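What follows is a structure written as structure tokens; I'll ask about it next.
Going in written order, the chains are labelled A, B and C, and every chain counts its residues from 1.
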Amino acid sequence: MSIIEIENLVYEYKRDEDDLVRAIDNVSIEIEEGSFTAIIGKNGSGKSTLAKNINALLIPDSGTVYVDGFNTAADEAGLWEVRQRAGMVFQNPDNQLVAAIVEDDVAFGPENLGVPSEAIDERVREALTAVDMYEYRKKAPHMLSGGQKQRVAIAGVVAMRPKCIVFDEPTAMLDPHGRDEVMDIMKRLHDDGITVVLITHFMEEAADADRIIIMNEGKIELDGTPEEVFRHADRIRALNLSVPIAVELGDRLRKRGREIPGDIIRMEELVTYLCQ
Amino acid sequence: MSIIVKDLVHIYGEGTPYESLALDKVSMEVADGEFAGLIGHTGSGKSTLVQHMNGILKPKSGQIFVNGVDITAKGVRLTEIRRKIGLLFQYPEYQLFEETVYKDIAFGPSNLGISGDELDARVREAMATVGLDFATFAERSPFELSGGQKRKAAIAGVIAMKPEALILDEPTAGLDPKSQADVFDMMNKIREENKIIMILISHNMGDVARMCDKIFVMEKGKIVLEGAPDEVFSQGEFLKSRGLGLPPTAELIHMMRESGAKLAETPLTIDAAVEMIDDYMSERELGRPGASV
Amino acid sequence: MIRDITIGQYYPGESWVHKLDPRLKIIVTLIFIISLFFIRDFVGYSIAVAAVWITIGISKVPLRFILRGLKAIFMIIIFTFALNMFMTGGTVLVKIGFLTVTYEGLYRAFFMALRLVLLIIGSSLLTLTTKPVKLTDGIERLLNPFKRIGLPAHELAMMMTIALRFIPTLLEETDKIMKAQMARGADFESGSIFKRAKNMIPILVPLFISAFRIAQELAMAMEARCYRGGEGRTKLHELKFKKRDLAAAILTCLFLALIIVVRLKGG
């Protein structure tokens, strides 16, 4: 069953007077409930605009977006249903935390939903435990590292009990340690049954998804499992994107006449193949 | 030009309950024309260290000699140090403030007392170096630019000061792959043209391995390892035990060794890795029982 | 490091005073401040000093933290003291040149200064023992009844919350921008006042842009988390009036009664 249904989505924004830029150009995507989808593209490819359309932060100019059966462009009441079901984590860990204490911040979403006090308390505990930040619940966000702040932001979304979370370049501003922390949490949430949509330009992160969608100039360029998508290494490079190191090496070795299976996309797989 | 750091100590918030030792007797040396890399976890002291090199921070004790002159001594003119050593901060686009890209790039050199034709020439030169077309961008507001272009404009602002040493604190953080590649091309260009000292702080081991002649590894305010890239990155166990990564190619070879492959070298570039794996596969074919000799 | 700056002057603790309902603490502080203006004589001041002394004792806040608050207004206290001492007519005690110190003047000066000191200590105690977050919460609930006459209680509290959250972030940002401009040769230390003000532009412009960016991103993040104003919102920590709050309320009433009795008797 698909949880997100995007049909013929068009989204335009104004650059100057009379200068409309089509950020998303007639895109249709269905995302399976419980799946892990990575959306990749360089800056300006429309990937972030797409993410904001899923969360009803942006409303399509034409076409429709359904989240769990709710139309994002419907009435006000439907809008809150959409936002509750499809949570969103943003790039800058600092600018999405509202409260001066970690637990108050995590409570912000449930408070907005009108959840009773005792139930909020339970949700906050649950959400902070899920991201391994429970012991920091009384701390001020500005005392935390980037990765920790981002985990708190994730907890804030988890506390709303969404079915789906859209991560909009959540690791772009983090150091490698923070990046690993956030990736681990993301995979864990996926294992717990949450549908994950990850917007990123880190190929190594995308290799762990079930499905990769590559966007370019508002259109879908490639769509498939990582193994399928990375077979088109040349096309990906032509879009000014990189491919995972194992794919790159496999590709180069093949060009030298070596036999390397095309479905090797991770370093572990390459090592296993080479050292078998 | 050379930079020598001797027993540098820096303490944040001294005398408060938050006191922390940021630099613990750091000594290092960067010789003329060298490209040094500084790696380590966030909070290991990398940024604190480089901020001392152009007098932004004052040490508790220790000295820094720039071309033999102790810049921590009393009476040293700070403008003189800042002319010599350019420091590019993290996310430098957040420091843009002028109405036009031209004026913003001119800010640094004019603070050094440069004006007229010389100033104009420097702005043009800096824009050419970072790859911002003068006709297109000079009169544009820096705030209208894309993320990558803003970063380039900010870098141009430091280059226009014509420093004799250029320190870059995570110059590619947060950029997309294309802009990252542009920034690295630009660094190579500056280096080839000017042969100045460059110091790169980065979390990306692949970039450091590829770009630098010498690498310093910092941990908790100390330099715990230094040497040429192949020396440093052959210490896989040491780096991993400290939670630091390896360049992807070195990581691959490290993993192959753990799986029993006999490999001597540690390749730091994709080309070297391809070469090495190719050789390795040939050897295996030769050594395999039943293979034609 | 600038990130270690704590906002307000909260002194962490688990005392009885710390745990009181912030609403009650705000009201008690207001009552105390007003009551100070009813006090006229020695007995009244003794009671007020005793009350403050006991509260400080229970709160376990070290005296030096409390006195720190006085440092800032030390000059005002001295000025008040001097003004009252020299400007009040009555029985002359000493005469130095054109200045005369009267018995009444000295008496009045002492009590005026004491009133000021008590006022400051009283309000410091509130901020020292109440987290800014709780204080905001308390103010919001106290203002809630005034919503009906159009007071945006929730919005005011939300603004305070966001300010508390982002002051450290903006301080850090300022520090970074300042360093970056210094590295570009900017000078913030020398020159005339006019020149120095002009030199602040390279800091202020990026700072404002940062603030706008934060505002924009935060607004979007809040919307994504279903924020739609105060209507229908619940709270993680509902404030509950506990036994100790009742005890504190009774004590405050007793204190007020005492002050009034002393005032009436003293005439």
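Everything that follows uses one rule, which is that a residue touches a chain if its C-beta (ideal position, glycine included) is under 8 Å from a C-beta of that chain, and two chains touch if they have at least 3 such contacts.
Note that the structure is a prediction, hence the values are computed from the model and not measured.
**Student:** Chain by chain, through touching neighbours only, how many steps does the shortest route from subunit B to subunit C take?
**Tutor:** Shortest path length, in steps: 1.
**Student:** Sort the other chains by how far their Cα centres are from that of subunit A and give me the top one.
**Tutor:** C
**Student:** If you average the CA atoms of subunit B and of subunit C, how many Å lie between those two points?
**Tutor:** Whole-Å distance between the two chain centres: 46.
**Student:** On a C-alpha centroid basis, what's the spacing between subunit A and subunit C, in Å?
**Tutor:** Centre-to-centre distance between subunit A and subunit C: 44 Å.
**Student:** From the mean C-alpha coordinate of subunit A to that of subunit B, what's the distance rounded to whole Å?
**Tutor:** The computed centroid separation for subunit A versus subunit B comes out at 30 Å.
**Student:** Which stretch or stretches of subunit A touch subunit B in the complex?
**Tutor:** Of all residues in subunit A, those touching subunit B are 42-44, 145-146, 172-173, 175-178, 201, 240-242, 245-246, 248-249, 252-253, 256, 258, 267-268, 270-272, 274-275.
**Student:** Could you pull out which subunit C residues touch subunit B in their complex?
**Tutor:** Result: residues 1, 4, 173, 176-177, 179-187, 201-202, 205-206, 209-210 of subunit C touch subunit B.
**Student:** What part of subunit C is in contact with subunit A in the complex they form?
**Tutor:** 3, 7, 131-133, 161-162, 164-165, 168-169, 172, 213-214, 217-218, 220-228, 232-238
**Student:** Using the touch rule from the top, collect the residues of subunit B that touch subunit C in their complex.
**Tutor:** 12-13, 16, 18, 20, 51, 54, 56, 79, 82-83, 86-90, 92, 94-97, 107-108, 111-112, 143, 157-158, 161
**Student:** What does subunit A use to touch subunit C in their complex?
**Tutor:** 55, 57, 80, 83-84, 87-88, 90, 92, 94-101, 103-104, 107-117, 120-121, 124, 140-143, 153, 156-157, 160
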